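By letter and in written order, the chains are A, B, C and D; residue numbering begins at 1 in each of them.
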Amino acid sequence: MPAQPSDDYPTTNGSLNRKLRMALVGGGSGSFIGRVHATGALLDNRAELVAGALSSNPERAKKSAPSYAIPEDRAYTSIHELVEKELARPEDDRIDFVSIATPNHTHFEIAKTAAEAGFNVVCDKPMTFDLPQAEELVKVVENTPGVFALMHNYTGYPLIRQAREMCLNGDLGEINAIRSNYIQGWLREPLEETGQKQASWRADPGKSGAAGAFGDIATHAYNIGRFMTGCLPEELSCNLKSFVEGRKLDDYGHAVVRYQNGALGTVTASQISHGHENNLYVEIDGTKASLVWRQENPNEMWVRQNGQPAKLYTRDPNAAYLSDLARNSCRLPSGHPEGFFEAFGNVYRAAYDAMIARSEGTSFQGRSETTRDTLYPNVYDGAEGMLFVTKSVESSEQNGAWVSLKTDYARR
Amino acid sequence: MPAQPSDDYPTTNGSLNRKLRMALVGGGSGSFIGRVHATGALLDNRAELVAGALSSNPERAKKSAPSYAIPEDRAYTSIHELVEKELARPEDDRIDFVSIATPNHTHFEIAKTAAEAGFNVVCDKPMTFDLPQAEELVKVVENTPGVFALMHNYTGYPLIRQAREMCLNGDLGEINAIRSNYIQGWLREPLEETGQKQASWRADPGKSGAAGAFGDIATHAYNIGRFMTGCLPEELSCNLKSFVEGRKLDDYGHAVVRYQNGALGTVTASQISHGHENNLYVEIDGTKASLVWRQENPNEMWVRQNGQPAKLYTRDPNAAYLSDLARNSCRLPSGHPEGFFEAFGNVYRAAYDAMIARSEGTSFQGRSETTRDTLYPNVYDGAEGMLFVTKSVESSEQNGAWVSLKTDYARR
Amino acid sequence: MPAQPSDDYPTTNGSLNRKLRMALVGGGSGSFIGRVHATGALLDNRAELVAGALSSNPERAKKSAPSYAIPEDRAYTSIHELVEKELARPEDDRIDFVSIATPNHTHFEIAKTAAEAGFNVVCDKPMTFDLPQAEELVKVVENTPGVFALMHNYTGYPLIRQAREMCLNGDLGEINAIRSNYIQGWLREPLEETGQKQASWRADPGKSGAAGAFGDIATHAYNIGRFMTGCLPEELSCNLKSFVEGRKLDDYGHAVVRYQNGALGTVTASQISHGHENNLYVEIDGTKASLVWRQENPNEMWVRQNGQPAKLYTRDPNAAYLSDLARNSCRLPSGHPEGFFEAFGNVYRAAYDAMIARSEGTSFQGRSETTRDTLYPNVYDGAEGMLFVTKSVESSEQNGAWVSLKTDYARR
Amino acid sequence: MPAQPSDDYPTTNGSLNRKLRMALVGGGSGSFIGRVHATGALLDNRAELVAGALSSNPERAKKSAPSYAIPEDRAYTSIHELVEKELARPEDDRIDFVSIATPNHTHFEIAKTAAEAGFNVVCDKPMTFDLPQAEELVKVVENTPGVFALMHNYTGYPLIRQAREMCLNGDLGEINAIRSNYIQGWLREPLEETGQKQASWRADPGKSGAAGAFGDIATHAYNIGRFMTGCLPEELSCNLKSFVEGRKLDDYGHAVVRYQNGALGTVTASQISHGHENNLYVEIDGTKASLVWRQENPNEMWVRQNGQPAKLYTRDPNAAYLSDLARNSCRLPSGHPEGFFEAFGNVYRAAYDAMIARSEGTSFQGRSETTRDTLYPNVYDGAEGMLFVTKSVESSEQNGAWVSLKTDYARR
């Protein structure tokens, strides 16, 4: 059945010589993203899930534990209990990192608590409920010893990484335009009024933050454009809409982004486009070449140059035309589809490498100005994401006025 | 070899009982669009090309005539000579209509001259060089007896017409969003400096008008969104860019359009996107369904509704699920690709029907308020297009400020 | 609206210095392919349709004439009347060629009559009712002065011609495999019992010949594989099926073809595949590269080589990577879709060039062994096609036994 | 980031109340499929990998163990050592099942040894080296208590399962045609001569068996057609080719398959098609509808009916139009791509359910005639697959003669 052989991808933790121990916060029954974190984190057999605070409801926390194979005595009900009891365990039987898969409004406290207890943290996005929390979290992370990775999972796709390398290497020339779109349809009806769990917290300003679609998905679209091109932002103009009657947050929105190098960007996000599933796509125009990538078929990317046939790059661990990074981000031969879990797994893998570096005393993100450029999205990316959301709302409230996006958080 | 039978499409001129006689202005050697007009106009054998003013250069005008099978004595060198000499011929040997396929800055005079001489006119777009000319041309057309059709050729595609009928019938519910994109790459290099004919006049503000990409292609993208949905415009905010060094007009631009019903629209136009050929695509979101159509494969259109498989509508003269109009706009069975010429042919066909109505004394566009809703794009659409271009430039010069797009020209 | 300029394609008849005069046989009301011939033949304005025998029913023949703008006095009722009356006209007002668009069983007599009267002939496929007729027609054509072109229209697509040139140039290396498929669904129900005109004659062995789907569409699929690769056939094994109850001819079938160079081919034809419209696709494997082309999107062709990104060739009159022939077969810039009519037009164009060569006394196909290699499919291709159909039926009747396909008709 | 919520998929082992314990045979460094088995088996956290015989080379067996987190004392060097030492452990610390990911020629002995020791077995395909071994293995499995699952991984894709249910439910009507294709290019060059591990054993008749491409991939293509439709085979005619010079086994082949209900099938397999990665695609024609599915984008399937728009079914745990089985086979919301690992995981999941049934004393495949219809491919499917390969070679050696495929192994 197999086709081409794949390279051996990293499947051990090197000098650590054991699996990393994971605790999951969030992920109780009805959760979607908790399960994805668990699956992605364990994909390479480099980590084991040993503890959790799956729900703040004690009964549900216990009840959910078996489905993650978490032993009963490590099924906690809060980050505080988790931190206290894990710290009480001998060091060689203690968790290494906490994964946060809860609604947005709880991220900050959980992340801060875990980081200050010395644990490494992998946090879902958006990083915090609002910008002040994000700014404070940057300081927390800068002053604690752990790794902090933000789950912008799409950066884990091998071809997104390929795109980044092509842009940074100059293969596309100067970047002129970035068109990012994230089109979904699942909130076309007011699902939040039916008690559907995913919809309810996302449509609740008290849990989701100041933005709906823009916080949930436009952040991804913006982040992917930034990750791929490294273009630094200057200012934006935004229009948010709430098309479903009674909805409190935007379910559709559009931002124009001006970049410092003169490039013009657009970010469109929709949750009300009938039948669109998870249609994230990005188009980049450079002076030397253009790119198009679509998340729903992530194993392909179009590369075009005038005068030549369009080229379809594929995820391929053996392709000499791909970068080392892109090739090493593959687990399977080309033509054997990888997907969403593998992208999560790749972000985890990058975070694990940093955790091991930490255990070895090597520097990594968070420790200094010069190590900001991590492969995994980090706390600065998270703060920039919150800035993007905050400024988008601010611009929209001012009828689309230009607002500055300049920030020290932004990194190539 | 054939597959399903096609319906008989209209192939005669009914009561007129003869072919319509066409004169072509523009289209001399090196021209692209003149040949397309000639081919589209003659596609159904309902017209014959009998006269032309193919070039203002007398030698070239004569030399180009044989390639159109235009007899030497009707190969004129200007619209004025053409009008004068054709009017001098007996009525039953005189042209019926003039097709204008010249650079933008000459449209107005040619159209006005032909219309005032009583001839029907089919004019390429954009309709005029600037908005005042467009406004004057509206008055000319309203006060002359002829048909005036504007070649927004993409409205001739059967599935674009299907989309329009679905929107107007309410099949999509209320329209919330219109995303129109027209992405090309052919002006990535400063072709205008090489003397390339198509590029030279398009990049010259004295010939093309105040806008480059926005006049040439964003007008199409905007028009298609308007034609499909019938949503009336309220205001726009625009950002134009000129990425190629030394270029005088925009080669990239983006407009946000607010519609009167609250819908949010975007129009993106590029001439600098490597390897993109003629990538016009439109996405419509309604409360009941969504649509996606791409010009490069015009025989297909996606229709999506939550909870159902995505449906691929195809151009099909026999499909009961398509509207009469869409079916009657087909010349071939489904699966037998139609293309660009056929769309031109369909706009011509609609104009011919109006010309025959005129000959029969029946009313048609231009004669009254109530007959503005023609199947072919008309002078009001042309004036609205010029308004769109003018306001886009105005907004862009004011850093993307909102400017009104409200106008009496706009029709559903 | 336009994009890249197109080259000027041939639009005159050179030394002939006038339009060629066409007569259409078949094409009366209800006909599909007659209209396609007329449209394709006139597409470049190099011919005019001046006479016809649109129906053997005199009333219908007269009634159909206006829709083709054929004058009443040249609306004949049979090829015999047509030939007689046209020969009676002065030479400079006489037709140049006859296009045959009638059911299969009538092709031979019409073609023979026209050829023996000295007229050029363009005949729809399959060439004749059976193989003996085909063999006789070869002799007729070899002994008469006219051009004989067979309408294997798909050979007119620019990218099919590109494929042929790549194969013959060795760009694909040695050809190993040819997979041709022609999948339709329109005869899923017994339409022939409803009186539907297209279905009735196709399902009638007395009109269609010994094969149904294999005569109607497998011939195209086989021909395209032969045209693209130039591989010479050795033998075939075939299985024909008639899945619709009561149907007298095959509506599904499959042949394995062995080529003289060792390549293995397959030809699959279906008329009973729900929802498939005109899904002709061909896949070629060579030792150096592979190709995939699909008729429903004929402006694209995949070219693949191990270790490189897949390349999407597009129909493009300006692409340096395409052959001269492919580029000259385009009428429109890339991205401006061409389709079915243009492919017909290209076969007609090649035939016109031969007709003009004839008028100039230059040699062309039919005149000698050495001029068999015409761009338009010729009488030898037609005879080979009839051999393919005949042998397919023979093999199928012998439970798929191997039967020889070797023949002198086959040309590269 | 997430979109629609997913259903909770099974994540526990129910009454077993612990993870299943897995041993992996094969999978040493350079192996491709061993890693895939490990990843798929552990995907849902329902199993743990605790032992292995990763290589017959003792040094390599030890060296490979850490990359699977297999403890040193359970890193065995043969199935015999593995069985002996595992049986020596207390029952509650003993493996539950053995996964076999070695070259074909070793499957039989490993499977037999494990089954006879009472362990459950998951075996890669093809099941054995030759048909006699397969027939013997059927008897072994019928006379031992364990579950035996064959890794026809493609049957794990949710939409393949949907297709099966649609066919068996009659949604497609009577099945007329099955076209299965498995097109790869990776063996275009004689990789086996370079020592490339994957190529070497596959091209060696002593390790791979009597067939090359037909054993490796045509078996999958045949199996998928059988699994989707349930049509029972009657006979086949096959042509195998070896296009690469010096290659001992087929690298290209084609079989025509006649089914008992009159359907006509074709199976095409290639390893020499430049740039084709893992292009497995299947087309099914029924009297009521048709299907098309492509492995490289497994989250989509086309369903077509005449007179209706083509429908694109997507993998969607919430889609009411999908079967329960298809929905329960999803781990992620629609639009969040799943791939190759998840399909493996689904076959493992079905096998786990049977292993738990076994532990509960419930009947399952292997125990009786009436329980042959397992969701996971079983020993009968494996025997039928070996029959298919054997008969294909036999037919090819007899110039494509028809040979019987009738067998008691075949199940709907």
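Keep this in mind: a residue touches a chain if its C-beta (ideal position, glycine included) is under 8 Å from a C-beta of that chain, and two chains touch if they have at least 3 such contacts.
The UniProt protein names, listed by chain, are A, B, C, D = Putative oxidoreductase YdgJ.
Quick caveat, the model's predicted, so the values are computed rather than measured.
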Provide the labels of all chains in contact with subunit B (Putative oxidoreductase YdgJ) and in contact with subunit C (Putative oxidoreductase YdgJ). A, D
When contacts are scored as defined above, which chain pair ends up with more C-beta pairs, A-B or B-D? A-B
From the mean C-alpha coordinate of subunit A (Putative oxidoreductase YdgJ) to that of subunit D (Putative oxidoreductase YdgJ), what's the distance rounded to whole Å? 34
The distance between the C-alpha centres of subunit A (Putative oxidoreductase YdgJ) and subunit B (Putative oxidoreductase YdgJ), rounded to whole Å, is 44
Between subunit B (Putative oxidoreductase YdgJ) and subunit D (Putative oxidoreductase YdgJ), what's the gap in Å when you average each chain's C-alpha atoms? 55
Which subunit A (Putative oxidoreductase YdgJ) residues sit where two or more other chains touch them? 186, 276, 308, 310, 314
Give the list of subunit A (Putative oxidoreductase YdgJ) residues in touch with subunit C (Putative oxidoreductase YdgJ) in this complex. 303, 307-314, 319-321
Complex contact set, residues of subunit A (Putative oxidoreductase YdgJ) against subunit B (Putative oxidoreductase YdgJ): 176-177, 179, 183, 185-186, 188-189, 237, 239, 241, 243, 252, 254, 256, 258, 262, 264, 266, 268, 270, 272-276, 283, 285-290, 304-306, 308, 310, 399-400, 402
Going by the contact rule at the top, pick out the subunit B (Putative oxidoreductase YdgJ) residues touching subunit C (Putative oxidoreductase YdgJ) in the complex. 1-6, 8, 11-12, 17, 19, 29-30, 32-33, 35-36, 38-39, 42-45, 49, 66-69, 124-125, 151, 153, 184, 186, 196-198, 216-217, 220, 276-279, 295-299, 314, 316, 331-342
